[in-house]
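I'd like to ask some things about the structure below.
Labels for the chains are A, B, C and D, by order of writing; each one numbers its residues from 1.
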Amino acid sequence: MDELLKKVRKFREDREWDKFHSPKNLSMALMVETAEIAEHFQWLTEEASRELSEEKLGMVRDEIADVLIYLVNLADKLNLDPVRAAHDKIIKNIEKYPRDADSTFFKNNS
Amino acid sequence: MDELLKKVRKFREDREWDKFHSPKNLSMALMVETAEIAEHFQWLTEEASRELSEEKLGMVRDEIADVLIYLVNLADKLNLDPVRAAHDKIIKNIEKYPRDADSTFFKNNS
Amino acid sequence: MDELLKKVRKFREDREWDKFHSPKNLSMALMVETAEIAEHFQWLTEEASRELSEEKLGMVRDEIADVLIYLVNLADKLNLDPVRAAHDKIIKNIEKYPRDADSTFFKNNS
Amino acid sequence: MDELLKKVRKFREDREWDKFHSPKNLSMALMVETAEIAEHFQWLTEEASRELSEEKLGMVRDEIADVLIYLVNLADKLNLDPVRAAHDKIIKNIEKYPRDADSTFFKNNS
């Protein structure tokens, strides 16, 4: 991830894209990129979504890459470390959804 | 990231959430989480989005964490390494948007 | 819909919200609102999504309303009639996906 | 809108697409379509978003149409009238954001 952050920074600096990369714009682009992942899955059954063709998997891989790149860019602009943030969030989630409560989350959300 | 992947796996296995975590559902949840980031920015000017309050920044940090967690989950279900995918994608992007073409991307997209 | 457009306009004018309602911001808010609909469905099976509880249906109804309100706002800002646009689009779609081709769309997209 | 609903129904029935059109799938497709609107605006300034070229406006018009078509489809599947839902929601919003409170909504959300 450190290596990725360096490449992401160099890429946007080489192209002088910083002026476009406000956190607002990046949050929008991030959402748009996740939609491009979802587009591959929207008409599939859940089962079919587990068995993508090689070709489709390659396309989804590229979209996942785009999402991670924008996420790294956004976090960088906000001076946040996304991996550390995720570690901290998992600790919060463990408290919020205790093991013995099992699928509470989904029950609450269904 | 390896450490994060281990924690993410353990978290969902402890709670038996695998049954909900089809790639289709994860792609949907990923998009919903990015919307929660964007919600913080939607009425802000680009300038204001660069100067978040400590409180708001903390909330955005949690949402960024959620996006990364779902992205790691989705990639794991598809047997993909998201960081490697991002490295490969940057190489493609360097070819697609050469340095001297500068802001071509934004021109094409505006 | 004409009545709705009048109410939507009056609502935002009474509150002087026009300054926030750039097409850019409205397109972002529109996406965020559709995520609030999707949030209700993300962990449900397709079957369960057809049989919502009364309570959940009421919540989804409110989110659908929000999406329509933002869509009407956005179209109004761009001087577009969304209903007429939809009629025109269906005519295009009929040409693009002829009846006898049946589920071509989904085949192409799966 | 009544005319639009009739056309939307006939379109999907002629193509036997009902089997794909679970509320879950439609909510996903709806979100993906709003992302296609947002994609046109993501790198624009708010100001530029108010002054689209004719060509770009035509593309946005088509995307707005798609969003409305999916919204009508989704509401139909849930036996909801989206226009009536929007009228009811505006009444709720008037109570929630009283006129004299002016821009409270944006203050709360910024």
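Note that a residue touches a chain if its C-beta (ideal position, glycine included) is under 8 Å from a C-beta of that chain, and two chains touch if they have at least 3 such contacts.
Just so it is clear, the model here is predicted, and its values are computed rather than measured.
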{"item": "Which of B-C and B-D has more C-beta contact pairs", "value": "B-C"}
{"item": "Gap in Å, rounded to a whole number, between the CA centres of chain B and chain A", "value": "2"}
{"item": "Inter-centroid spacing, chain C versus chain B (mean Cα positions, whole Å)", "value": "24"}
{"item": "Where chain A touches two or more other chains, by residue", "value": "20, 25, 28, 31, 34-35, 38-39, 41-46, 106"}
{"item": "Touch-based graph of the chains, sorted into line, ring, star, complete or other", "value": "complete"}
{"item": "Residues on chain B engaged by chain D in the complex (per definition of touch)", "value": "28, 31, 39, 42-46, 48, 106, 109-110"}
{"item": "Residue ranges of chain C in contact with chain D within the complex", "value": "1, 3-4, 7-8, 11, 14-17, 20, 22-25, 27-28, 30-31, 34-35, 37-38, 40-41, 44-47, 49-50, 52, 57, 60-62, 64-69, 71-72, 74-75, 77-78, 80, 82-83, 85-90, 92-94, 97, 99, 102-103, 105-106"}
{"item": "Chain C partner contacts - residues on chain B that touch it in the complex", "value": "20, 25, 28-29, 31-32, 34-36, 38-39, 41-43"}
